[in-house]
Amino acid sequence: MTWSTAITKIEPNKITVRGHVLSDLIGVTRFGQMVYLLLIGKMPEDKVGQLIEAILVSSVDHGVTPPSCVAARTVASCGTPLTSALAAGILSIGNFHGGAVEDCMQTLQRGIAMQKDGLSPAQAAEAIAKEAKEAKKRLSGLGHRLHTDDPRTRRLIEFARELGLAGQGVEQAEALVAAIGKTSSKTLPLNVDGAIAALLVDLGFPPEAGNAFFIMSRVPGLVAHILEERRREKPMRTIVPAEAAYDGPGA
Amino acid sequence: MTWSTAITKIEPNKITVRGHVLSDLIGVTRFGQMVYLLLIGKMPEDKVGQLIEAILVSSVDHGVTPPSCVAARTVASCGTPLTSALAAGILSIGNFHGGAVEDCMQTLQRGIAMQKDGLSPAQAAEAIAKEAKEAKKRLSGLGHRLHTDDPRTRRLIEFARELGLAGQGVEQAEALVAAIGKTSSKTLPLNVDGAIAALLVDLGFPPEAGNAFFIMSRVPGLVAHILEERRREKPMRTIVPAEAAYDGPGA
Amino acid sequence: MTWSTAITKIEPNKITVRGHVLSDLIGVTRFGQMVYLLLIGKMPEDKVGQLIEAILVSSVDHGVTPPSCVAARTVASCGTPLTSALAAGILSIGNFHGGAVEDCMQTLQRGIAMQKDGLSPAQAAEAIAKEAKEAKKRLSGLGHRLHTDDPRTRRLIEFARELGLAGQGVEQAEALVAAIGKTSSKTLPLNVDGAIAALLVDLGFPPEAGNAFFIMSRVPGLVAHILEERRREKPMRTIVPAEAAYDGPGA
Amino acid sequence: MTWSTAITKIEPNKITVRGHVLSDLIGVTRFGQMVYLLLIGKMPEDKVGQLIEAILVSSVDHGVTPPSCVAARTVASCGTPLTSALAAGILSIGNFHGGAVEDCMQTLQRGIAMQKDGLSPAQAAEAIAKEAKEAKKRLSGLGHRLHTDDPRTRRLIEFARELGLAGQGVEQAEALVAAIGKTSSKTLPLNVDGAIAALLVDLGFPPEAGNAFFIMSRVPGLVAHILEERRREKPMRTIVPAEAAYDGPGA
C-alpha cells in the first residue's frame, strides 16, 4: 500500500462512505447531506442538507444563454453521447462563468480574517471595497447583467436565517454590499453566486469547493437541455440563444 | 425566433423552470424533485423526490477503483482545474461503466411491452433470458464482480415499496432474476445498476436519461476524490488503485 | 508484467517508437510519416508522409461555423485553459460532424470486398447505391451543404495520383459518384471527407482511425480560433457564426 | 456583422486560410508550415515548417507512463468514442504535464528582455537563476526524472542550427543551463520541453501557444494508445503503467 484514501471503504457486499454504511443511508439521508458528508467528512444534521439542497436548487438552470448550455447543446447537436455534451458544458465553467462563487468565498473569508484583527464586519468590508476600487477590480458575487434584485439571493439568505445557519459569511456579504453602496453611485446587490458563497462559508466549505456546487447544481439543467436538443432539433445546427422562444408552461 | 425551449423562462428578476418560479422552490423543493421537474417537466410529490435522492445516494461513490475515479484523479494530479478532472471522470462513463442503467431500462421496458401482448412478467422474463443465452449476450444490471448480494439493491427496492412507488419495472426485474436462475447454474442477483433501472422505469424516465442518474450521483464522489488528490498527493503521480489503503473513519 | 504495448519503449536517454530511435527521426522524418508510423507500425516512404500531410492540410479549418469551432470558442470565452476549450471542440466531432470519414471508409471497404466476389467497381457501387436508395439512407462522403464542387477533393485525388498512391479506394469512390448520378436526378460530388476516406483506404488505415485524421487536422485550426477568441473578444460572449465578418488578408 | 475573424474565409467552392487558397496548398505546403500559417498568420519558408515538424516529431509519444496516456487509455477502456478518450488525455495537460513549454518560454523571453536593458545573456541567466534559487522555485524546462541527457534536446537544437533558425531563445536557454550549473552542485540539462520552448521563442510564437505544440505533437501518440487499448485489452481495466512490457519491434 503506497497511498491512502479517507473517502470510501469497499468490501464484498459492504460500502462504507466516510464511516457510514452506504446502504443504511438509502432512503434516510438527503442528497444534500450526502454532498456534505463526502466533501467535509462528517454527517451533518438534516437542516444542513436542506440548505445545501436549497443552494443546488437555486442554480439548477438559467435558460439557453449561459455558455455551459450553448457548449452542451452544440456538442449534443453533433450526435455525440450524453457524457460528451455534458463534459463540454462543465468545461465552460471557469473564471467568467460560475467561478464567482470561489472568488467571493475568498473575499468573504478575508473579511472574516480581518475581524480577528479587531475590525468590525463593516470596517473589513470598507477596507476590501476601497482596495478593489483603487485597483479598479470588480468584486465577484455582486451585480448581475440582467437581475437587479435577484429573488433567489433574498430567498437563499432568508432560508439560511430560518434554519439558524446564517453566520459570519452572510454578515460579511451584507456588509460588503453596504460598503460598496457608500463608495459607488450605483448599488450592486448580492447576486446568486454571492449568496451561495456566503452560505458555503457559513457551512464551512473551503473556497476550492465553490465551483463544485455550481456544477452539481447545473448538471440536471444541462442534461435537460441535452435531451431537449436531441428530441426537438435537427442535427448539426448552430445554437443562437437570442433566437429561442420559451414555449413551456406558464407560471 | 427560430427555435423553442420548454425548460426555463428568463425575465428580469424572475426565473421560471417548467412553469415554477425558481425562487419559490428554494427551501421547499428537494433536489430530487428538481431533477424530476427538469427531466420530466412536472413537479412530483415529495416521495418521488425522496426515491430519486435514494437513487442518487446509492451510487455516490465506489472508492478508488472505478475508471471514472482513476481518470479524474489522474487529470487532477497534473495541476488542472476541477472542471478538467471532473470532465475526464464523466467521459469514462460509457458502455462498460455506468452504462448498465440505460441498457437494463431498455430490457425491462421490452419485458413490460411483451406483457401487453398477453405474456406474464415471468413469461416475458423467460423469453428475454432464453434469447440472451442463445445470443451468448450478458444482460446488463445483473451480477457484480465484487458484491454477490449488494445491500444497496435490496434497500433501494425495499424503500420504493415503502413509498408505494415500486411497479412493473421492479416486478419485471425480479422476474428476470428468477428466469436467469432457472436457465443457469449460477445465480445472478440484481446489481445496483439494475435496481436503479427498475426504479427509473417505474418513475417514468426514458432509458436515454439512465446514464444521467449515474453521473448526477457520482459527481460529488468524484469532486471528493479530486479535492483529496490535490490535498494529499504529490503532483504527476500514477494512480494505482490496488495500492491504496483506506485510512478514513471506521463504520 | 501483466500487459503489453507495442508503441514506444522508454529507457534512460533513449526513446524508441515502433522500433525507431526517436531522436534519429528529428529533422529527418515528416510529421505525416510519424502519424503513419504510430498508427500502422511501420515507417513509410516520404511520399506517404506527403499524402498524409496533404490530408491534414485539407481539413485544417473551415471558419467559424462548424460546431467544433463554436464549442471551442464558447468554452474559451469563459476564461478557461486552452486544453478545456480544445477538448470541448474535439468532443463535438461525432456522427454528424467529422464522422463521415469513418462511415465512408466502411462503405468503400464494402465495395472493395464485393469485388472479391466477382463484381466490377461499378457493379459494387451500383449495388451499394441501390441499397442506400431503398433504405432511404444518405451515403457519407458525398454532397456538401455549401460546396458543390469542392476544390480540396479534386486536388487531394489528383495529388494521390501524382504520387502513385491512388488505388482501389479512389476507384471505388469515383464509381460510387457515378452510380449515384445514375439513380438520382441531382449529382452528388465526392466531398472532402469522401476524398480523405478514399485515400485512407488506399494507405491501409482502418476505418476506426478515420475520425483521428479529421481531429489531427483540425487541432491547429481550433487552437488558432481559441487564441483569436482570447485576444479579440470580450469574455462570456455568445458566439453567433452568422454575425462574423472576415477581416483577414485577401487571397 | 458584430464580430470579426481573420483566420479563414468561406465562400462556395473556395476556402481561404490567412489569405491562401486552401486547395492550392494541398500537396505543396507541409503540415508544419500550415501550423505556422494558422497561428502566426503568414506563410513561412519550408525550413520553418521543417523545424516545426521536428518539434512535433520529438514529443509524439513517451510510452504508457504519462498521465495523458493513462487518462486516455482509462477512458478508452470503458467503451467510449475516440473523442472522449482523446479529450481526457488532452485535459491532463496542465501545469505539471506539458505545461513546462509555456513556463520556460516566459522565462526565456524575460531573459531576452533583460538583454535590452544592457545585460549579457549570461548575466540575465544568472539573475534569473539566483532569483529562482532564493524563491526556492524550480525553473521549468530543466532536468528530467529519467533522462539525464535527453538526445531529443540535443538533436532539436542541432537541427535548428543546421537550418539557421537558432537565435536568442536557444542562446538564453544555454546560458540558463550554465548559470544553474554554477549555483547548484548538480547539473540540470535542458529537457525536451526546454528545447521546444527555446525554438518556439526563436520562431516567434507567443508563450500562450506553447502547450498547443505539446498537444499537437501528442495527439497521434494518444490515438495510437487508444486504438491499441481497444484492440488488445479487455474492457474496464485498471491501467498500471509499471506492469506494462514492451513487445514491439527492436531498434
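Read from first to last, the chains carry the letters A, B, C and D; within each, the first residue is number 1.
Simple rule for what comes next: a residue touches a chain if its C-beta (ideal position, glycine included) is under 8 Å from a C-beta of that chain, and two chains touch if they have at least 3 such contacts.
What you see is a predicted model; the values in this text were computed from it and never measured.
Centroid distances from subunit D, each centroid being the mean of CA atoms, peak for B. For this pair, subunit A with subunit B, the centres built from the Cα atoms lie 23 Å apart. Distance from the subunit B centre to the subunit C centre is 36 Å, each centre being the mean of its Cα atoms. A straight line joining the Cα centres of subunit A and subunit C is 40 Å long. Across the assembly, subunit B contributes residues 65, 80-81, 83-84, 87-88, 91, 93-94, 240 that each touch 2 or more other chains. Chain contacts here are complete: no pair of chains fails to touch.
Looking at the complex, you find that subunit A touches subunit D at residues 80-81, 83-84, 87, 91. Note for the complex: subunit D touches subunit B at residues 65, 67, 70-71, 74-75, 77-80, 84-85, 87-88, 91-97, 99, 235-236, 238-242.
Across the interface of their complex, subunit C is touched by residues 1-10, 12-27, 29-32, 34-35, 38-39, 41, 50, 53-54, 56-58, 60-65, 81-84, 86-88, 90-91, 93-94, 146-152, 154-156, 158-159, 162, 206, 208-209, 211-212, 215-216, 219-221, 223-225, 227-228, 230, 232-233, 237, 240, 243-251 of subunit D.
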